[in-house]
């Protein structure tokens, strides 16, 4: 939609030498494990997330007899994924607000990639477990989970249990931010924790937004900065969608 | 910043007769209860939220000896606030993801309205308890909590325990959405649950964004719709900030 | 039943100037919120409790197929209701013993005001949320909840879903205590925390006891003191029942 | 204080042949187990409760540096104590309201039997675990716990760690009720679950009330019935206190 | 199977004067309480455990329509069972790993003593509550629970609700260990906490192992020590099975 | 120690064609992730476990001022590790007994491989997260965690914060079982769930046992079978220790 021209700020020097609107190296490994219907390891640089899609016949109570399926998601960090080990949520007996928030975001985003009616009364459970965290874990989760979802839907179609074509075109996600007044794409941890503004952009292959979340962490942001962030986010999502399609052999 | 011109869609008819970019009636009652340092009842139409700001000497561990204060927030719905009674979270023994998510949003938004250094090692606890829910409870919470925060800071200043001028200019919040393809401002429940897109805009008096969160609930959204939503959000926040200032006698 | 003669101790001076057997100003506001079938704000002086009665078709499992209805109650303090803010029970992940104890008391007391057989297989859920606490919150909850219950039963009758006349005559409650050796009625927080003995009296319009709970907090009590406390409690309940009936237009 | 004359209703026939104002056989076994400082098995007929008093140096935070000690209590039913096995509260992950309520009652009652100042900064933890339940478990708990408390205080005195004489005269407890319109003392389960009114009376050796709790379960009660219940409760407590003193060799 | 010859190490002196391969005094009291179908107090020296077997019609979901019954077990320590009082798990809101581990061991061991097919769709719930702990509580629990199980099965047979003969020959359990390099049988707490190796042996009347668990607590162990431990464990279990049979009058 | 001669039962045919006393292919990948001090992916055939060792200065309270360090472990299954997805323990709000039991086993086993005195007041936290489960996850966890532990200790030694040489010779673990009456080594899921007896053997490089746990799942076992299981376990552990040493370049 919009033309991405490298903005004037592109002379900004990033610790890892990337251009301001350049993604980290993205790797998508399908069939990472064998038990779930879809299992993907996605890497955004040093961020590594195992995304699985498990399938189950039937739907939760609130969807019973709707003729529609359901998709839900859970996100979690392994305790040693971060630099400082974090206590395991199962041992603390409660799930942190941040975890809930991301799980809900992943679920909403992936539901934008599935036609629940065409899925029939089947449930797809997405699990995104962060093996190694270096910024952007929630966006990597969404991008990787789409590929796992695609594999799970193939599996269901092969079993002949879905009435239609439930898989919609790709949904991908990337972070953008403002650091030292400069808009940058796909922030690793070192940039993320210093950024003034942090934004997550989730888009479809058609170039529409599924969700945007922008937060002024250490400063507020104006409409011009927002516009550049959206431009960068669009560019990032387009490239990530290409990577998803390559991984799926589309 | 941007000129708000009523868009072509303004012929859209809303159930309550409002214009597409018109707020519901907003009422702000200070001193709603007497124990907390700040206590405000805010009403956006039929949505009513009790927002309090309680003060405490000292700061949580992670802020100890930083010389800075802290602000944190909790949001909750009374069980009978909604049309169908909802089980009480204390009885279920766990807090829902949605509640966590909103509590975190309110906290982040209000921290944009306070200079923690100027606050000194004091903690302000915001509580937003929804007495009656009719859409927009999280945005009403933020707008109302700012006024309670202002009163709590006055209280601390009168006690002579804050080293500086911690209160920053107002922060307000409003919802915008897309319903039947039309962008509308400040959605009551009836519109909210049918809307294709739902967005919350949190802004400062200076016209900068503190946070934006846009979610395609039943459809995705494009850049043009986003632009109109931001225009409406800005207009709404400007009017809400005027209401905050009037309530505070500024 | 018993003649209330102001006892010799009536020369005792209370901080708020009331006579020893005099209630605080009582206000009952019906229709305080609009979603629940009954919604009442009750005030005993500065104590303010929002009492709602929500209705639901069907009964809990242990009442299934009994032909009878059920009534249950939950009491809670908003965190900023008290002078010092109290942690929210939902965040602590467990409900305090005191909260459980009062919820159970409110439920038992209100079940004395409803004919469960005449209610049919419907459930009424009472919620008493204390907006501002100044002593006597549990007794105010009971008195207010009766009025909300009456409105909820009217609502059910209008819908034609109750087989009989479930509403029994009013039940009201008040605290009495011994302070500095003197029996006093309806203790605000300042008296309550210093009282030697604290008692709650719950009575019907017929002058019978539904429940009495007397506790020697800092001293024990003898039969004579108990007798005076019961006299004062009866007087208080009679006056509160008059206020309930006035509110209901009976 | 009051003369106990067997009332006219004494011709009422109880299932176990007792007179209306007659206790079940009471047995108190000291030294039931050897690890805690005080350990007592108390039996009210078939109700059997193990009451222990454990001692600990120091006090909870809210009593720190007060120079005073503390006493707290926990009540629990073993899962197989009742006729139908009840789920274990530790496995359910939460404590029932009834358990909280009784634990609090036992703690308050026993604190009426100890001079916290004379105890010094020591904590006594009472545990009442019901091995077999046949009505009156909370009252048996209080009566038995007093004896365990006495032994624990002897133990502390022998160790020379209490500054004064913390043990106050006995506190005992008994249930009374109204069944078929007749007031009866010390109800076993079979009577308890049919009783119209249920009341617990906790008294000191001096004949004063520590606490009274009367509840109309299936009917309300009037002042005359209350008076007879209190008479019976006083008689029961006097006899129980004699049994406590005999057990302690006083 | 193996010949038990007292090993050369038998000159080792134990604090309580026992031989190295000698059990503590074992007492088994049937009918300890009256509500559950089986109720046994078992004593291994000062260790005392109340073992009950409650019966219920029907089976858990995973056994539905299998035609088989189920047996499950829960182990718990009363808070004052140990020398230092331990916090009650119900109050902490979670069950310790050790408790889970022992509950599971007891359940597995007792399922080796019941023919689930012959039991029909009935459930037996074993509860082992330690009244006094002096080492070997888990093994005493298993041995005692077998007797309670036998009584519960008799009860079910008398009611005519079991299709076959569900009770299998006895299962008993005992601890063995290595202390100061010497293998010893049935360790009390004082030996247990100093032992280098701790082992639990659960055997059938036929001399087969149901389960063995050996743990090097402060040292590892070799095959020779293991062999002696198993010899002692066999001897202990044989004697315990004789005690079970005597208690049951077999 | 004992000579392993392939027993007569070696003609038994296993689904994967292995000999009865043959391990699955074992792979140990060091440096699997980069944040923790030690991070290992271990594979026993299709079972894959990520084992990390995180280090922390200081020790838990019960070890304070002991001059010794501490090691603790947590085991967990990712929800999609198994064939049927299992609910996440953090979402259920409680940890299953099985998880607790294995975490405790892993911790005890690894503590046999570290000299806590030589470690000084440092804590090592082992995390074993099962990415893919195909039997033997607990034994793979122990074997892999030893390698992660070795790397974490190297890291601490490089930092110069350990007073001695804390790493003891390797500890490894393997499962053995009886299936169709035949003793077999290292059972995959398909064999494990049908096995009559299941045993875990944890050994040191010196050939001593750290722990043995044998459970008759569907049948009991005799001393002869036990002996063969121990022989197989020894052989397996010897080979696994060779693999650990090869991975560590020893």
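Letters A, B, C, D, E and F mark the chains as written, and numbering starts fresh at 1 in each.
Following the convention adopted for this analysis, contacts are C-beta pairs under 8 Å (C-beta built on N, C-alpha and C of every residue); 3 or more make two chains touch, one makes a residue touch a chain.
Note that the structure is predicted; figures quoted are calculated from it, not measured.
With contact taken as defined at the outset, there is no chain that touches chain B as well as chain C. Taking the definition of touch as given, a chain qualifies here only if it contacts chain D and chain E alike; none does. The contact pattern of B-C recurs in D-E, the pair among C-D, E-F or D-E where over half of the contact pairs coincide by residue number.
Computed from the mean C-alpha positions, the centre of chain A lies at a distance of 60 Å from the centre of chain D.
Distance between chain D and chain F, defined via averaged C-alpha coordinates, is recorded as 52 Å.
Residue numbers of chain D whose C-beta contacts span two or more other chains: 93-95. If the chains shown are joined wherever they touch, the resulting network closes on itself as one ring, and no chain has more or fewer than two partners.
Taken together, the chain A residues at the contact with chain F in this complex read 33-36, 39, 46, 48, 50, 52, 54, 56, 74, 76, 78-83, 85, 88-91, 93-95, 99, 125, 127, 129, 131-133.
By the touch criterion given at the top, residues 1-2, 94-98, 100-101, 103-104, 108, 112, 204, 206-216, 220-223, 226, 230 of chain C touch chain D in their complex.
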